[in-house]
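Before anything else, here is the set of structures, which you'll find just below.
Shared between the two complexes below is chain A, which pairs with chain B and chain C, respectively.
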Partner chain A sequence: MRHRLIMLLAVTVLMTLVAFGQAAAAGSEAKAAPTIAKAWTQPKTPWGDPDLQGTWTSDDCIGAPMNRQASFGDREYYTEQELAQTEQRIERQQQNDLVETIAPDARVTTGPPGHWGERARRPCRQTSLVVDPPNGRTPDLTADARRRPIPEGAGNNNPKADSWEDFSYYIRCISRGVTGSIFPVIYGNGQQIVQGPGYVTILQEMVHEARVIPLNGRPHASPNVRSYMGDARGHWEGNTLVVETTNFLANKTGIGLNGGGTPTSDALRLVERYTRTSPDEIHYEVTIDDPKTFVKPFRVAFPITQEPGYRNFEYACHEGNYAMFDSLSGARAQEKKAAAAKAAGRN
Partner chain B sequence: MRKTFAFVIAAAMLPAAAWAHHAFAAEFDADKPVKFKGTVKKMEWINPHAWIRIDVKGEGGQSTEWMIEAAAPNALLRRGWTKQSLLPGTEILVEGYQAKDGANRANGSVITFTDGKKLFVGSSAGDPGAAPGTTFKDK
Partner chain C sequence: MPNGKPNFTGLWQALGAADWDIRDHSAHAGPFFQLGAIGAEPAGQGIVEGGEIPYTPAAAEQQKQNYQNRMKLDPEVKCYMPGIPRANYMPFPFQVVQSQRDIAFAYEYASSNRVVNMGKFQPESVDTWMGTSNGRWEGDRLVVDVSGLNGNSWYDRAGNFQTDSTHVVERFAMPDADHINYEATIEDKTIYTRPWKIRTVFYRRKEPNAQLNEFKCVEYAEELIYGDLKKK
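Right after this comes the complex of A and B.
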């Protein structure tokens, strides 16, 4: 039964993607990358640094695919016509969210209700989060990386659960890594930027990260000092905050959503660029360079925005992580059931 | 399987299931559907997901406590929920699946109040900036 459900889900997703791809074939392409708003001057902190402070969210690109659908080719942006369709879909969703009764044919599944997540407020203009290479797709893995095991859990409906160590660091409430902590997912996309002379700190709601980034030009820590979130150093290039992060632990999180996918190596080097383009928007981009994992560097970019009333909340992830308990005890119960069935077959 | 549980038919997995904090299908058993009415004892606003503790009355009148997994608390807050949204004593109808280990825990795939209204409706009573009523035209 489970296989049929997974097949049905796969077919549904595929049909949606195909339909979107066909719609994408028509119309003119939307304007290119965000530009600095006219009649707006980048504010400065009292000590003269560009002021990026505030709480920002990547919500608008919730649901944007990491890798571009092949039918879009090298097309980075949706057409104005396609964006208008997405705008209508968001409006319909907002109206539907306010409907007080559940549809009579609401589906009962082992999953959560479909209306649990947070919502994009406006269409994401990009056809993929990966913007370079031009085909919008993550470069191939190296031969070594292809042999690397991927921790299970999120999104895997039949995870191996011999131990808590089989689960991803996200499921274990430890970390989603640097990119996983800002890439847009269904909820918890808050990024609070706080600045002081010589430092920028980024507080990330999920999973409760605080990145303290020195700006004073000091060298990276010794290569012997390594962590999930790496060792970050920042500097300003004009009004752009550039953050270079190295000294990562190997084999922890990947570059996928929520830190999923093939775990990166100890050679990972990230260069992030935060450019405020208007009072309410920062253009974020990150170049991922890990020669032990990907055959070439690549770049991911998307906007993060300030929204009225939006703020970070506490995310004490492990305080009630019953799901971990249930997943492990569920796997043990299934093993017991299978062993009993096998024993009964022998008798 | 308790007699009080009516069987329900599973349909396709929602894509959202693949995006939640964890794999729900690892936790809940597609062969153990549950459907019952319960009285809210307590809403636990805990991470990574909130849980609703309810009392379910069996055929003999005895009460059994069940825990129903709910959304991430921060998402609930942003969708307009408050501490007053689900008070103790409220009756709710739950449809979902029981935990694989047989414990009295279930996902709440479909939860409604007894008048048929859905539980997780976005409310305008919440944060006006983050509530779903906010449109991109506001910017």
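Right after this comes the complex of A and C.
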């Protein structure tokens, strides 16, 4: 079901983009994102660190493509005219969401209801999540990375369900990796930041990750201790929280949405920067450096915002992973049926 | 803390054998002889005040059934979230990060976690594995009210269990910089004849390189859970 909803969303986004591509060129480019709001001072915790606490979401850039459509060239932001169109689409969607949930003759389908999804509240200004290189596109894979298998559920077009191991680590409810846990997707985009003296924790709704980030300059764990979410170390550069994460497991999650795409290597090093630009917005960016996977480092950036009433809920993914039971048992049932048909044909 | 409250921030871990059985118990063989002494269960002094859990007769029978079928039924076997209070005294550390307001608990086992809301009391909106935690200060003691538990959690590997009516009130106190005295009052009229208490101690992990590690155990449980659905 999750696959189906993602597909549907991808098609919608694609259609919108085509429309944008045609309308482009005309109009002035919208203003760049990370400017600090005027007449606002970064609040501090009682122990003197910049205070980034609250529950943040990447919802506003839901549907923004990872890689920029070629027709935009090096253009990083939509024009005001293009943004106005998106704004209208968001309004229409809000209306449709209401209709879907309250109409007495609302259609019943096998897909999940629209209200399961989270929605952008305002247009994402960027033409792509990748902001560097200037063409907004993920750098080429290395020769070695091109040979790396991608599990089903992480971008493989030849799905099979012989075993749970054919599914992505997301579908298996294990992890989406660091970037996969903050890049905007259909739901579960919540990031709750809780700070204490010497620590920042980032609690991510999906798949209930809790990143504990020490700030005291302690060295990284031994390279023999590796994990899906890596070993994070943080420090402040002015009011910006800089988090450097290493010690990742090789061949698990990728840099795509939900940790999809070509799995990264044990050489992956992430540097994230969290800069609060107003009471309700943090500018987030991450530099992805994995010389065994990508021919050069690249940078992804987008805003995360605080929204009234938005909070994290428990995402008990593995505990309720009926999709895995159903996919595997469905595949076995199909095989049984095919074998029976073959046997009947022989008789 | 600047507000005069004790600072629980740090890496903590319980000692003892409560995760095997929160009641007093002797050492005995484990269910798999292949594991030899590694799979055997150590003896332990219980953490239940007064020694016994005041089950109703039906609930006492349920616990025995749970124990007999523990390899199938214990949520820990399947890498399910441990619930409260079990998360606190499993044989894994947990990290507390305490802000000027809310307090985050990150447990190593299964990447489970919770944030104790120290603001205005928020009743649970839905039942969950880890429950809804609302905290308050009673002097220097942190009191955490845990409601909205979904009833699927156990207290230990011995089949001691709770229901979706179970209400837990935890108390954390720091007698010195490196210890937390923990107690939890547990109430559930559907299976216990009276409220009862557990008490244990959490020790600060002092090794210079100690830190919360990752124990994403789903992949250690998949063969067990889905094995019969694998292509032959």
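Here is the rule we go by: the second predicted complex is superposed on the first by the 300 of 347 C-alpha atoms of A that agree within 3 Å, B and C clash if a C-alpha of one lies under 4 Å from a C-alpha of the other, contacts with A are read in each partner's own complex, and residues count from 1 in each chain.
Just so we're on the same page, a residue touches a chain if its C-beta (ideal position, glycine included) is under 8 Å from a C-beta of that chain, and two chains touch if they have at least 3 such contacts.
Note that the structure is a prediction, hence the values are computed from the model and not measured.
S.K.: If we overlay the two complexes on their shared chain A, which of chain B and chain C does A:332 touch? Say first, second, both or neither.
M.R.: A:332: touches chain B and chain C.
S.K.: After lining up the shared chain so the two structures overlap, which partner does A:235 touch, if you call chain B first and chain C second: first, second, both or neither?
M.R.: In the superposition, A:235 touches no partner, neither chain B nor chain C.
S.K.: After superposition on the shared chain, which partner residues are touched by A:87: those of chain B (first), chain C (second), both, or neither?
M.R.: first
S.K.: For A:313, is the partner it touches chain B (first), chain C (second), both, or none of the two (neither)?
M.R.: both
S.K.: Kindly classify A:173 by the partners it touches after superposition: chain B alone (first), chain C alone (second), both, or neither?
M.R.: Both: A:173 reaches chain B and chain C.
S.K.: For chain A, which side has the bigger count of touched residues, chain B or chain C?
M.R.: Tallying touched residues of chain A, the top partner is B.
S.K.: In the overlay, answer first, second, both or neither for which of chain B and chain C A:299 touches.
M.R.: neither
S.K.: Once the shared chain is lined up, is A:322 touching chain B (first), chain C (second), both, or neither of them?
M.R.: After superposing on A, A:322 lies in contact with chain B but is clear of chain C.
S.K.: Who does A:47 touch here: chain B (first), chain C (second), both, or neither?
M.R.: After superposing on A, A:47 lies in contact with chain C but is clear of chain B.
S.K.: If you lay the two complexes on top of each other, which residues of chain A touch chain B in one and chain C in the other?
M.R.: The answer is residues 173, 313-314, 316, 318-319, 324, 329, 331-332 of chain A.
S.K.: Can you tell me which positions in chain B touch chain A when the two form their complex?
M.R.: Touch residues, chain B against chain A: 8-31, 33, 35, 44, 46-49, 51, 67, 69, 71-75, 77-79, 95-97, 99-103, 105, 107-112, 116-118, 120-122, 124, 127-130, 132-136, 138-139.
S.K.: Residue numbers of chain C touching chain A in their complex, please.
M.R.: Checking each residue of chain C against chain A gives 1-3, 7, 9, 79-81, 95-104, 106, 111-113, 115, 125-126, 128-130, 152, 209, 211-214, 216, 218-219, 222, 226, 229-231.
S.K.: Any idea which chain A residues touch chain C in the complex?
M.R.: 45-47, 53, 162-165, 172-175, 192, 194-201, 203, 207-210, 212, 214, 218, 221, 225, 227-229, 312-314, 316, 318-319, 324-325, 328-329, 331-332, 335
S.K.: Residues of chain A touching chain B in their complex?
M.R.: The contact residues of chain A facing chain B are 1-2, 5-6, 8-9, 12-13, 87, 90-91, 93-94, 97-102, 106-119, 121-123, 152-159, 161, 170-171, 173, 185-188, 205-206, 257, 280, 305, 307-310, 313-324, 326-327, 329-334.
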